[in-house]
Structure formats: structure tokens, C-alpha cells
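These notes open a run of structures that come right after.
In the two complexes that follow, subunit A is the common piece, with subunit B as its partner first and subunit C second.
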Partner chain A sequence: MATLSRLGHTLSRNRTPYLLLLPSVVYLVSFTIYPILNVFYLSLTDLHLVKSLVPKFIGLQNFSDLILNDADFRRIVVNTFIWTFGSTALQFVLGLATGLILNARLPWRGFWRGIMLVPWVTPIVVVGIIWRWIYDGSYGLLNYYLTTMGLLNRYVVWLGEDWSVWPAILLASLWKGYPYMCLMLLAGLQTIPQDVYEAADVDGATGFRRLWYVTLPLLKPVAAIVTLVALVLTWNNFQMIWVLTEGGPAYATSVLATYVYTKGFVFFQLGSGSAVATLSILVILVVCVIYARMTRLEEREP
Partner chain B sequence: MRRVTCLALGILLVGCVALAGLAEAGTTLRVVFPGTSETEKQGAVRLKQLAESKFPDIKVEMMYIGWPDLEKKLSVMLPGGDVPDLVQQQEATTLVAMGALEQLDGYLARPDSALKKEQFYQGVWEYSIYDGKTYTIPIRAISYGLLVREDLLTQAGMKLSDLKTWDDLKKAAKALTKGNVYGYGYPLGLPRFAWREGPYIAGYSDNFDISDTSEATKSKYLEMLRLFKDLQPSMSPTTKVMGLREAFQTWGLGNIALMPSGDFFVANLYPINPKILKVTRVVAFPKGPSAQKPWAPVANVGWAMFKGSQNKEAAWKVMQLFCSLENLTEESAMLNTPARRDIDMGKLSQAAAKFYPDAVEDNKKIIGDFVANAHPIGVPMRKILRREEMEVAFQKVMIEMLDGKLTPEQAYDRIKAEIDKIKRG
Partner chain C sequence: MSRKLARRLGMFAALALVMAFTLSPYAWLVVSSFKASSEIFTRTPNWSLSGATLKNYVWALGPTGGNLGIFFWNTILAAGLTALITAVLGAMGGYAMARYAFPGRRFLALALLLSPMFQGPPVMIPFYRILTTLKLLNTIPGLVLVYLSLTLPICIWLMAGFFRSLPVELEEAALVDGCSPFGAFARILLPLTVPGLAATSLYAFVVAWNDYQYALILTSSERAKTIQLSLSELLTFFGQTNWGGIMASGVLTTLPVVLIFMVIQKALVQGLTAGALKS
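Then we have the complex of A and B:
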């Protein structure tokens, strides 16, 4: 009772700031918290639009069906990890390399920094369509140039062969996503004090040793945050895969985000689709926590 | 007191203005119009103008949407209580199962109804009936057949009339596979087409429906799977990633010689390469080994009314207008074969010239081929509940079979298991 009265007192004393916060809170509750809670609730029901519009509570059955009986689901989880970690790792490596180059004293440095952003600011659907044409098995530019150069003796269906489909998708994702990584790492690189490098020079550290022992440790806080953001964004990235392959052939390139869509809006299994979404949220949360622990993100908070 | 009076007057004023606005607006009909081509988009604009000029008290709000997104969009709108009035539908099984559509038999039985069942081709009309009840009014027929590059067939020493059996088909596909040309086109890359643009049509030509996995159809199912295995050497290496759009593009570039498809082919091919229509003909998909005579799948596109519509009388008036002889002559000219028997083919050809000016005669010839095909051997396509799930499962197995990972017998067992599981689930 005393706590409630204290709360009421605080609210009435600080009415204006709380009122100013109210629109944001209402927005968050309506468009983020409520939908997430509703997805959790639906995942415990058998809602299937073709069968009945009234959801019936079935406990954890959707989850057990997915984990125990759905062979596609297991493959899709593996695909999601390949997609997320493969994409993020490649983007980090290329983003760091580009960031180091663009941090150096280059002629026309502003121009190169600007042009590097082009893939990032191009709409993802446009990027996907362009790459689909590049990879086309009959008329694609990649096949044309590789055969012209004598590196291939027959056209390859890049998005249709088991061995080439993931490298092809990851390459397209790398091209689209590395500028963001580069931009963030470049900002991090610019915060490293010059005197640290001067001290390293005095100690005789040059080239790779300077990168390994000075740049990377000092870049670690920024790198950890940026890769965490990239992991979450890639985990939930639906458009690139959808435009390139629609998750196919069959489920060969499906990830959890595309499977949620297929289950919910192609098969109308909203209960089961919500279970996939719930598992997806839980897995990425666990991944984020493990990652934060590994990189000791929490210790860097002020 | 004065403040309260002012507030009450204010609310009254706003209410009056809103009511006046509503009275002036009359009825607003929300019409969902799916399409994938620019021609269809123009058709939506034309229908809106037609309805508003005929019924000045009705405003039509057209919601234009791509065919693949139609059911997905409605599956979100309807449970949320956002119910439009009319929708153009190709297959209404899902919406009927959801209880979303109005049954139309009562409207058709009215003495003043301008629409009668007898005005339509029987096979086409039957496709609008679900469990004995009518849910859509057909506006266009969709019939399926085998597209043939007649010029290449002639060069290979064969005639259209030689394509009678599956053996003839295999022989032709093999003979026509030369250089950049592949004898047989199969858009296996997307589940919908992996199911329909090939196996479903082939199954019908052997007098069975591929969603039927009963013991009675097992031998026919195996015949169909073996046919595709045998045709595989005549297919493009890109088959596994080819959707229908890519298949049409490849046809337009002259790289496929035989391919089953529907009569929406002209509308899709014309913007790519109208000249290819000159050398394209359509025949019934050759007869399967177990069939006396082949069936050609026939479906329709029709107008349906939503059960939750608040403007059912206005919606029925507009539906009758949209399905009138005059309007459907124009619409059939734009896309597909006619659904109404009383459409004059001469007038239809004249109207088609507006949409296909560079291929007037070729379009007429192809529509003629489809009509000649559909009416003697046309059999309505089965309405398959949860077909979308079956399509994905089917595509997966077909890919494995054509990759050489499964024999047709193993593929059959897998397909049967998957389809039976979906039916039970």
C-alpha cells in the first residue's frame, strides 16, 4: 500500500515527463509488446485458418511437433545458423578490411567512403533481383564471364545446385551488408588515439602486429556491438532469401524467418507458424546472451 | 454549463457533417482485384469506371494485388474483421473452407437475376460449385494444354497430330532437344508450378488427379512419375530454379519446344516476344497409358461476394454487370478463354485486337486451340483443401527424384506419405 502511494506521489509530482513518455510507451506496448505476447499465446493454440477461426489451447504440442516430427524444421534451423553466422562473419571480415583502407590517408577518401555505401542504400529487393540475374543459369553474367575467361566449360545453375546455393546467397548478402559493418568499424577506428600507435611504433610493432595487438583490442567494444546487431538483423532477414530463392528449391535455403511466413501465410497454420516465430525469438535471445557473455559486453557499460 | 453546451453542440455538428458525408458518398464497394500483368491492371481501372458510370450511387474502391499474394492478404484481413465486398478468385477452396464467402444460389434463383447457369459452359460453371453450392460466377475459363513450337516440330519431321500418347511426347521432346533448345519445359522451381504445370496436367491426361494417393491410382501415379523421369534429359538444367515467369521468358527466347501451361500464356508471352506466338500452337496434353481419352483440366476465374459484406445488394448488382455478356466479351479478349457460351468469337477477336495488336491472328489461333481443347475433353480441376502444403511436399520429392536421389517408386511412397499426412492433419 505504501509502495502504491509512493508511486502515485512520484507520478503526480513528475506528471509532465511521464505524459511526454506516454506516446512512446503506448506505441511500444501496442506494436511490439502486445504482438510478441500474442505470438506466444498463438503458439500454444491450434489456430489454422482453413480449419477453424477459433484458436483452441493445445499446450506445447506445436513445439513438440516441430522439434520431434518436422524433418524440414531441423534442416531449416541449420540453414538459419549457416545464413546468420556465415553472413555476419563475411561482412565483418570485408567490413574491417575496407574500414582499415578507408581509415588510411587515401586520395579522394570522401569519394571512396561515399561510393562504398551504394550497396547498403540500394533497396534489398533491387539487390536481390540484380543478383538473381547475375546468377541466372541460362543468361547470367557470372556464367558468361566465367566461361568467357575459360574458368567454366558449362553454365552452372548457381541458385539450384547444393554446393553453390549457399555460397551464392552469402556472397549477395555480403555485398549488400558489408558497408554497414565498414561504416561502424570505421567510426570505431577513428576513436583510437594516435598516440597509442606512436607508442606501438616506438616498441617496434608494425604491420600485422600493430593490427593484432593495438587496433583489434581497441576496436573490440565497437566490433562486439556491431556484430551483435548484424547477427540479429541477419537472423530476421527475410527479404534477401525470399527474393533470391523463396527459400527453395523445396526447403534447401529456407531459414526460420521464411518458414514463419510459409507456415503462417501460405499454409494458414497460424498456431504452428507462431511456434516457429517463438522458437526463433528464443534461440536468437540465447545466442545474443552467449555472445554478450563471450565478448563481455556488459562490463563495458558505464 | 456554457462549456458543456458548447461541447455538446460541437459533437452534434461533427456528427451531422459525418452523416452528410456518408449520405453523399452512397455505397462504397471494396473490390479485391488480383492480377500479375499491366493488362490486368488496366482491366481493374476499366471495371471501376464501368460500375460507377452504370450505378452513380455506387463508388468502387479497387484493391489491386498480385495473384500470389491474394490469399495471404485476405488471410490477414478477414480474421481482423476488415472484410471487402467482392473478390475475383481463381480457386476459392480456402475461402469457402474459412466460411468467408456468400453462397450465391439464392441470388441466381431470383426472377430478376440477369445471370443463369445455362449461359456458361458446363465444365467452367461446375468449377464454381463447392459441395453443391455456388460461390463464384465465372468470368473467364482457364484451360490447360501442351504448348508446342510447331516450327521446330515440323523441322523434326513430326506433326501436331503425331502428339497422341506419352510415348509420342517423349519421342518429340528427345528429338527437339538440340543446341540451346530444350525439348520439354517444367517450372519446378516454385511449388505451385512444380505441381500444376506438368504433373497435374499429365495426371489428368491419364485420368487421375495427383492429390489422390489411393491404391486405385497407384499405377497411374507411377506412370506419371516415370514419364517425368524419362523426360528429364530433355529439360533445361535450370529446371530446378525455374518459376512460371522464367519458363515463359525462356519460351519467349525460343529455348523451350514443349511445355504444358494454361491459356494465360498469351497475356504473359506477348510483352516478351509477340513473334513467338506465330509458331506456337496448343494441343491437348497427350493421353496417358491408362486413359481411353485424355482429360484437359479446366478451371475458372470468377467473382465472389464476401459473407461479411455490408453491401450485399449493391455487390450483387455490380457482379451482374461484371459478368454481363458485353463486359465478358471484352474481358475474355484480354485474357483466357470465354466462360460464357453466348460470347461471339468474332466480336471477341475484334476486342482482342486492342490488347494484342501485333498478334491478332496468332492470338485468335491460340485461343481457338484452347477452346477446341477445353470443351470436348475439359474436366473441372479438383478443389483440393490444403493444396499449398501438398505442393511444397510434392516439389521437394520431385526435385530429389529428378536429381537421381529417388526412384519413381521411392518418390511415390514419399509423396503418398506426405500427402496422406497433410490430409490427416
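Then we have the complex of A and C:
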């Protein structure tokens, strides 16, 4: 009774914010929290789009099938790590380099900063169209320019050969993703006060030394957050790979995110697809915690 | 002096390289969209615009070709409704988050921040199930319901930032003058955040417009199929024959978001980066 009246008191005293937030909270509970709980539950069922429309509880069988009986699953997990860390690292390096350029005094700086972001707003399907054409085995731009420059002596189907397909995807992902990384790092760079640089100048630190000993340490907190966000978003990024290769050839470029779709909507195995999604969520959570720990530990160093 | 000059030249060269990497794939898309297919399927890429034609654009929109009109309309509806609802809920939620201290506020802020972690494949199957149950599969309202999960958290966050940048004294004065808390929000503060609100809802429009993955699993016919999905199907059907038409369709699909982005860029960038630096 006492708790109830206290609850009533809290509600009435904070009526305005609660009323303002009520529709959003109701929505988020039904369309963000419920789906996550639902996918955990469905992973324990045999739900199938054709064969088993009413989910039947089957315990951990989907998981044991994936881990013990699925010959492709190990490769897909490894791919997920290559994709996530490869893509994030490349985007970080180019994003940082571009951020440093666009933070310097340049004519038309605002214009370049805006233009740089164009790939970021380009629809993913259009990104797929552009890069599939660049990588085309007969008419592609990449083949033409590499052979003309003498770097290649035959035409390559970039998205079709085992050795070239990952570099090709990572390059396209770099193009699409580096602008956002750059935008955030640039914001971080702008918070570094000018007198820090002036002090470094007085101490004789210029060029690369200034970057290494002054800029990067001060940028670390922003960099840690931005890369963490990029890791998570890349982990769940089904679209980039799907528009380029659909996870192929065979399962060569499948990651957990594409495998959820393949299982669920190509093979109609919604239960098994949910198990892939569940594993994917759990693993990225662990990766996040480890990454956050590591970056915070580094901060404590003198 | 000469060392400084060399550094500056190096900087320009680096800028030119990055911009070439960023823009040349794009330039190729635009150039090809104005070319006959016979000129695209050549071993030697031709960047000149001589012999430019609008035939590809006619094909993209015409009933005998891509027939994209209906899908553009579907997408405008879905993205427009998403933007509208996001604007209303985002303004309300953002205001509450910016101006009130209440039990649960920190938890909610964290939940909003973390929700992008669970977008896309992790929730695809539940979304499909929910819309099946609601009988909203392959409908525009169904798409809007799902798109809000992409736009609402970030837009509440953005709006909170815009409200925070306004001085509290504004509402205090209004309250002293006998305004209700809601009146102070609706009549005093909201008009001042119109630029921020416009940027936020246009951003929601762009996010919904650019969606591919949810349309892929949730729509199946002209009734609700979006432009991104029909574009990807054009690629499947005509990828070997009509590249020019596909490139033109790609340009048409991209143009609205690039234009919107140019308009909102300043406010959006400010809002997004402020959030990242604070968290």
C-alpha cells in the first residue's frame, strides 16, 4: 500500500515528463525491447515459414545444430570478425587522416566537409550498383585501370574470387563508412584547444611527433566511443554485404548478420535464424564489454 | 618558409586524393546514367558526356521500363509519415529529456543510446512476426511502424540537444506569467526549435528513404514496395542488359536524399556530433 501510494506520488509529481514520453516509451517497449526478447524465445523453437507456423519449443536444438552440425557456421563466425574489425579499422584510419586534413586551414573547408559526407547519405542499394560496376569482371573500371597501369595482367571478377572478394567488400565499405567516422573525429579534433598546439610548437614538436604525442592522446576518448559504435553497427550491417555479394560465393562472405536473413527468409527457418540472431547479439555484447574495458584501461595510463 | 609551403602542398595533394576517392565512383554513376548502354558496355571507360541522352531516365520512370513512379510514391508516403510521427514524438520526448529530472531518466537515456545496437538482422524475424500478427505485412503503415524504431531514439536524442541549447529562463518567465507547463513547451519553446525540428524530421525522412533491409522482408508487391527494393530488383532483372537505365534509376533514388542533406547538413552535423562528444 505504502509503495503504491509512493508510486502514485512519483507519477503525479512528474506528470508532465511522463505524459510527454509515454507514447515513445510504449512504442520502444513494443518495437525494440519486445523484439529482442521475442528473438531469444523464438531461438528455442522450430518456427518455420512453411512447415511449422506455430512455434514448438525444442530447447537448445537450434544452437547445437548450428555449432555441431553446420559445416559453414565456423567460417561465418570468423568472417564476422574479419568484416567487423577490418571495416572499422580501415574506416578509422581514413576517417582520421581526412579529419586531420579537413581540420587544417584550407580554402573552401566547409564545402569539402559537406561534400565528403555524400557517400554516407547515399542509399545502400545505389552503393551496391556503383561498386558492382567498378568490380565487374568484363567492363569494370578497376580491371581497366589496374591493367592499364600494368598492375594486373588479367581481368578479375573481383566479387567472385575467394582471394579478392573480402578486400573488394572492405574497400566499398570504407568508401561508404569513412565519412561518418571522419565527421565524429573531426568534431573531436575541433575540441582540442589551439594553445595545446602552440605549447607543442614551443617544445619543438611538429608534424608526425605532434600528431603522435599531442593530437592522438587527446583524441582518444572520442576515438574509443566512435570506434565502439562503428564496431556494433558493422557487426549488424547486413545491407552492405547483401547488395554486393548476398554472402557468396557459397558462404565465402556470409557473416552472422547475413546468415540470419539467409536462414530466416531464404530457407524459411525462422527458429534457426533466431538462434543465429541470438548468438550474434550475445557475442557482440561480450565484444563490446571487452572493448570498453580495454579502452578505459588505456586511459588510466599516465 | 619553403618547408611550410611543402607541407601545405602536401595537404592539398592529400585533399585531392581523398576527394577523388570519394567522388569519382559517384561521377561515374552520373556520367553513365546519361549514356546509351552500347557506350557503357565497352572495354575502355569513357568519361566524356558527348552523346548524352535522357533515354535512361525515361526508361527508369516509364511504364515499359523501370516503372519507378509508384515505388517513389510508396516511399514518399512511408518516409513522410515516419518523419511526421518522429517529429511529434521526438519533440515531446526530447523536451522531457532535456528539461525534467524524473525517476527513470538515466535508464531511458541509456536505452535510447543503446537501441541502435539491435537494429537490422537481430530483430528482423520478430518484426516479420509482429506485422504478420497485426495483418500489416506489405502495407505502408506496417513499414512506418518498423521505421520508427530506426528514427525515434536518435531523434529524441537530437531534439533533447536542441532544447538544451535554449535558455531555461524562457519557460520560467512563461510559468510566472501563468502559462501551464505544456503551454510553455508548445507556445514558447517549440517555435524556437523549428529549425532543429525540421532538420530532425528531414533526417528521419532520409533514414526511412534509405532503408533496404526492412522493405526486403516486409513488402512484396506494388502496394507497399519501396524504391530501394524495386531498384535492387531492377539490378537483378536488367543487370546484364540495361546498365544505363539502372544507373539513371540510382541517380533518381539518390537525388532527393542528397538535396535534403545539403539543406539540413549544418544543423544535423551539429546535433549528431554534440551527442557523440557528450556521451
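The working rule: the second predicted complex is superposed on the first by the 293 of 302 C-alpha atoms of A that agree within 3 Å, B and C clash if a C-alpha of one lies under 4 Å from a C-alpha of the other, contacts with A are read in each partner's own complex, and residues count from 1 in each chain.
The definition used in the following text is that a contact is a pair of C-beta atoms (placed from the backbone, for glycine too) under 8 Å apart; a residue touches a chain by one contact, two chains touch by 3 or more.
Note that this is a predicted model, so its numbers are computed, not measured.
When the shared chain is aligned, subunit B comes close enough to touch A:G248, but subunit C does not. By the document's definition of touching, neither partner reaches A:G177: not subunit B, not subunit C. In the superposition on chain A, A:N38 makes contact with subunit C only, not with subunit B.
Looking at the shared chain after the overlay, A:F267 reaches subunit B, while subunit C stays out of its contact range. More subunit A residues lie in contact with C than with the other chain of the pair subunit B and subunit C. In the superposition on chain A, A:A257 makes contact with subunit C only, not with subunit B.
Judged by the touch definition given at the top, the superposed model places A:G160 against subunit B, while subunit C stays out of reach.
On subunit A, the patch touched by subunit B and the patch touched by subunit C overlap at residues 138, 265. Against subunit A, the residues of subunit C that register as touching in their complex are 7, 11-12, 14-15, 18-19, 21-23, 25-26, 28-29, 32, 40-45, 89, 92-93, 95-97, 99-100, 102-103, 105, 108, 111-112, 115-130, 145-146, 148-149, 152-153, 156, 181-182, 185, 206, 209-210, 212-213, 216-217, 228, 231-232, 235, 239, 243, 246-247, 250, 253-254, 257-258, 261-262, 265, 269, 272-274, 276-277, 279. By the touch criterion given at the top, residues 10, 14, 16-18, 20-21, 23-25, 27-28, 30-32, 34-36, 38-39, 42, 94, 97-98, 101-102, 104, 106, 112, 114-119, 121-126, 128-134, 138-139, 141, 144, 175, 179, 183-184, 186-188, 191, 207, 222, 225-226, 229, 232-233, 236-239, 242-243, 256-258, 260-261, 264-265, 270, 273-274, 277, 280-281, 284, 288 of subunit A touch subunit C in their complex. Subunit A meets subunit B in the complex at residues 49-51, 53, 136-138, 155, 157, 159-160, 245-246, 248-251, 262, 265-268.
Interface residues of subunit B, counted against subunit A in their complex, comprise 72, 75-76, 79, 94, 97-99, 188-191, 236-238, 240-241, 250, 255, 385-386, 388-389, 392, 395-396, 399.
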